[in-house]
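Same chain, two partners: chain A is paired with chain B first, then with chain C.
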Partner chain A sequence: MASANVSKLELTNKEHETSRGSSSLWVEAFKNLFRNPSAIIGMGVIGFLILVALTAPIVATHDPETPLFGAPGETGRLPGKPPCVPALGCDDTLHYLGLDLNARDQFSRILFGARQSLFVGSVTIAVAIFAGTLLGITAGYAGGWVDNAIMRVMDVLLAFPSLLLAISIVTILGPGLMNALLGITITFIPQYARLSRASVLSLKEQEFVTAERALGAGPLRIVIDHILPNSITPIIVQGTLGIGTAVLDAAALSFLGLGAQPPQAEWGLMLSEARNRVFTEPHLVFFPGIAIMITVLGFNLLGDGMRDALDPRLNRN
Partner chain B sequence: MKSMWRMLPVSALVLIILSLASTPAHGQQLASVSAESCDYGGELFAIEALDELTVKFTLCFPDPAFPQKAAFAAFSIHPSEYLQATGGTGDLLTKPIGTGPYRIERWDFGNELVLSRFDDYWGEPAREQTLIFRWNTEATSRLLELQAGTVDGIDNVGAGDFEIIENDPNLQLFERPGTNVFYLGINNTVPPFDNVLVRQAIAHAIDRERLVENFYPRGSIVARQFLPPVIFGYTRDVEPYHYNLEQARELLEQSGVELPIRTTLSYRDVVRTYLPQPSVIAQDIQAQLAEIGIETEIVVMESGAFLDAAAAGQLSLHLLGWSADFPDATNFLDFHFGAGAQPQFGEKFDAITEPLARAGRIAEPQERLEIYSEANTAIRDLVPMVPIAHGGSATAFHVDIAGGHASPLAAEYFAVMNDMDDDTLVWMQNAEPISLYCNDESDGETLRACEQINESLLAYEIGGTDVVPSLARSFEVNDDATEYIFHLRDGVRFHNGSAFDANDVVVSWQTLWDASSPLHVGRDGDFSYFSGFFLAFLNDDGGA
Partner chain C sequence: MLQFIIRRLVSSIPVLIGIMVVTFTLARAIPGDPCRSVLGERATDTICDAFIERNGLNKPLPTQFAIYFSNVIRGDFGDSLRFGRPVSDLLIERLPTTLELGAVALSFAVIVGVPLGIISAYRHKSIFDVGTMLGANIGVSMPVFWLGLMLAYLFGVLLRDTPLALPPGGRLTPGASPEPFYLVWGLVAEGEQAGNLLLFLSRLNVLNAILTLNSELFVDAIRHLILPAVAVGTIPMAIIARMTRSSLLEVLSQDYVRTARAKGLAEFAVVVRHAMSNSLLPVVTVIGLNFGLLVGGAVLTETIFGLTGVGRTLVDSITSRDYTIVQGFTVLLAIAFVIINMVVDILYGYLDPRIRIS
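What follows is the complex of A and B.
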């Protein structure tokens, strides 16, 4: 009896050490992250976008969904009016990025569009990580037919080109931003299920897990306390990279008329509405395109930086 | 396609009387065709050659618009011998023989259609020896070719190119007035649009000037009523609703309807002369409706599905338009609001259907106009739809082309055009003709090519919509507009040298009308304009 108590005590101490060790690993990782130039640029871009999204109602010069026909100070032909900044010598009403074909202020629309893109990107990935990890860990830890059943469904989902799968889902549910969000989420789930299952499979045979089990810990406790913290790194990296892809997919769905609906300010929708005007009103295509590019670039840079910082095999020290 | 043999028993219904009694000049019998009764549901009862140069049409019910219909290119006259020799298809589709100012020289499929002057033409001969049709779907490409001088004239100038052409001293622009209408359809079976006050509020809330000014090409006009001003039946005295948000809000308040009203606004993403920028115009209308508390969700539908759903009355608010087939009120009003119209706008109103039925059966123009004024007033008051615009378009020609014009019916007539530089006129339109047997075609690009080669009994004036004599030099009509007697022009020759006579008229029409005729074949056998204008085919057992 006494000896058992001693060994448990030792184990507890050991556990403390591990957790102390892991927290210092996190600190190390953050240090690495802040030494990584691409991660810093990525964080800067994303931070700026978040700021834009939060302050859009204050910074925007006009309502993003109201045509400006007959508004005070507006002169000349409004649809597709080119950018005009009085400070730069244009002596007309202020429109930093011009007006769109419905005479709505494009600068304001781009700002509000950041809200849609960031919202779609982060929510889809968050939900996909949650659902995917849950499925992957269940499959990996339970094994047997549960594993087979879950992973074969994931294989089927992975067999479809992701955008095509999203299009099919949205076509069934009907167009709209929320349905697009759901469609994209479903296409992302298998990635995280696979990643987390792979981690679980390698971790669950590790000695510290066996020891925990020998001490009588239930599966839930083992998963939450030991397996999840040790397998979360690749998922975070994959998730950051995934936000960029999700933003792109959402824009693609909106471009196809399946995502955001008019008159919503959404970058993909803005591109789609002006797609025939590339040569006559280039500003209508240029600015939403640049906005999408910068957002995706930001998440990709951060994701790459995170992978460098969090992957121990790439550790420069 | 039905086989001839299966149709034989049905064709017993037709009485094709090849009368021997008259005195045929060419030793020919006079043809006639008649239905047994009017029970088959169509407009025509009989077509008879009274003598070599006289044809009589007997109708089942009065139709004052019959001459307008008979002038249409889908009822052109072909040599009866050639129709029989080709069996109503085959060479007829690509090498038609007509009486027009141009005859077909060669059709290089996918590339160009070459026509040459017909020297024995009965009227003013064509000014140019050669007329070439070319095509390109892109407005900018057409303009580039015109600027480069490789073509002499183009159709459908791009919305942004009007000023470019006007400012170019080498080019001339001809605006085509809109013989079409774009409207916001309101289905009165969808609450709260069953309340006339709500529909009137919508009519007051739409700023049509803003739509036309900002989104339509030059030459487009704000619609005061469903009919465009150039179409017979337009009555200027009917005042339209004016844009007035105050009044719209007041009407909504009177209606007692709870705001906001939430509904759908459907359209198809297809460019038409009446709807040059579908998505932009739909969004502007959405924003305008939002001003008075009608919140709409835009629904973009596939073209065919949209038309079907609209015709079946399944849509709430929807954006659609109509282009003139022939210049008469019946083509616009009866099709949309008549007793036999589709339930596109929901329940029909006696106040509209009754005058339309009356006007359709009166021949005297002034009297008809007075009734149309009544119908137009009822349509305004009951608001089954809000007419928005008549979309304009334009043609452009090189400055050295004399006689250039734009026809409101898109039926430009090239025989009057003269190229001072050389003896060839090159015209570039949107698309290649589908076939040159236009009695079985409905596409405008196709009809225009046919109109240079084949002619109908009557024609539309060049650059206008009035009906003028063509192969018939005159016609008589009885008092109740059920019998038309056409006096044909003497000495008219077909391109193959054969003489034109009354039998050619009867056989050309019979080919269209009689579904059991072995010549009723065409390209796809739809003959959609015939069935659209004259309601039904003879001996049509539904399998054709």
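What follows is the complex of A and C.
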């Protein structure tokens, strides 16, 4: 009897330790994240972009969608004269990055473009993670024909080159930023479904899940309390890296005329509008592209850093 | 091994059928009337009725699918609604452009990416390593179409009068009309398929130049390929460099590498013979997976460099609702993707016995 009590006490102590251990695992992960140079740079870049997106109406010198015909700097469009761009050494005007082909202030358009890119990137991935995880967990937990049906559909979606699939979907839905967002989301769903299904399969048979089931917990409870928290790390990492790809895909769709529509200030669309003038006014192509690159780079760096910081396998090394 | 290959082949059949169903459904779901978008102003009701009848668009959808399915199996992709020519003819005409672009881009990615990854791993945490990984990070973050435009500007305008100048568009210098190798060799094709094959091969400019020993054509074709291929290949190159580095790093820390060093093997033998052969396994997979990126890159790059390849034709066809081309090209690209992944899996199984058994 006494020994039974002792072992019970030991058990509670152990339980206590494990629960404390799991919370400190997260604290440890965050500490690691803030020690990781690429994560810090990534967070810095993303923080800056969020700031730009939020303060765009205050910082922007002009309305991003209003043409400023006759403004100083538009003279640069006259034949034989180079365009006047203060950032490139011309101090003629108030338009830091010059005017675009419709005489709109490019600096303001780029600031406002940050809103579109961050919005598309984060919403796409959030929806894709939600839908993909739901499908993956259902497939993994239910097994049998449900698993087969869901995963074969995912296989087929993965069999298409992603940009091609997104183009096809947007063509059906009609061009526009929202439809582009939906098209890209669909191409992203399979990878989260696969990822979460794999986690469910490996966790489902573990002893702590079996124990919970023996105690009478229903499938929903097990999924929410045990499977989700244990499978979320790879999904978060994949999601952060995915935002970068989503931003690139959205820009590509806009570039092909299927995403954002004029006069929206969207970086891919700005590139598309200026692409035939690249030989005479390269700055109209250069700056929106740099903006896209910095955004994608920010998310990629953060994603890489998170993978290093959150992967317990790497921590122990 | 044979069992592994058969298992892998059988498991791709449902995916291939799924691809056909999805492509068929997507092509039918594109809004708008194909007749009016193809014939434009000329489309009267009578003409459209005849058009729909001729193309079988009035039959029930399952029947249309059955016809389509049996045709695809036989290699018949129907006639393009817009060009009025068989899709297979258009493919013979335009696939070489994309194939050449993809092949050069992938070669660039592998030839540059793998050595960069190896040196970074070997000189782990050196300036070279940090620089390469930073470069690789920037490489995967660049929009393909932006890189293409910037390269065109840099080499086509800024460096125009230097020896580094490169043409910013097209496949060959305007006016150049290379003689097909089969004419030079006096080959006469027997049968339609052999003729198509000769035509297809002769449209691969680089190959045609080699076969006809035409150095001028060879240089011209390569010069036109460099910029688009670098644009398409940069992202795969960065991914390959990162993958090579991380997998070599993992292998270099393993016991058998230490053993190899301990028994006094030369450093070169340790890295090249022992470590590299194992570390390049995951790289094979990455190269296979990059096919999707290459296709996406080709769509965008062909648009920028004015190349009439498969990617650009596909995008044009989607906007002009040319169902047959969209179906045919998408199915072919997706099937190619499945086959490439299958080949990669089999290759992987061949290289790594552990995969075969599981």
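We adopt the following convention: the second predicted complex is superposed on the first by the 272 of 317 C-alpha atoms of A that agree within 3 Å, B and C clash if a C-alpha of one lies under 4 Å from a C-alpha of the other, contacts with A are read in each partner's own complex, and residues count from 1 in each chain.
Operating definition for what follows: a contact is a pair of C-beta atoms (placed from the backbone, for glycine too) under 8 Å apart; a residue touches a chain by one contact, two chains touch by 3 or more.
Since this is a predicted model, take the numbers as computed values, not measurements.
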TODO: Scan A:289 for contacts with chain B and chain C and give back first, second, both or neither.
DONE: second
Comparing chain B and chain C in the superposed model, the one touching more of chain A is C
Per the contact definition in the header, classify A:164: touching chain B only (first), chain C only (second), both, or neither. second
| said: Contact-wise, after the overlay, does A:220 reach chain B, chain C, both or neither (first, second, both, neither)? | reply: neither
Name the contact category of A:255: first (chain B only), second (chain C only), both, or neither. second
Once chain A of both complexes is superposed, is A:67 in touch with chain B (first), chain C (second), both, or neither?
first
Dual-contact residues of chain A, meaning touching chain B and chain C, are 257
Listed in rising order, chain A residues that touch chain B in their complex are 65-67, 69-70, 77-79, 101-103, 257, 261-263, 273, 280
Contacts from chain C onto chain A in the complex sit at residues 14-15, 18-19, 21-22, 26, 29-31, 137-138, 140-147, 149-150, 152-153, 156-157, 168, 291-293, 295-296, 299-300, 303-304, 314-315, 318-319, 326, 330, 333-334, 337-338
Chain A residues touching chain C in their complex are 38, 152-153, 155-157, 159-164, 167-169, 171-172, 174, 244, 248, 251-252, 255-257, 268, 271, 275, 278-279, 282, 285-286, 288-289, 292-294, 296-297, 300-301, 304
The chain B residues in contact with chain A across the complex are 160, 207, 210, 214-215, 277, 279-280, 282-284, 286-287, 297-298, 300
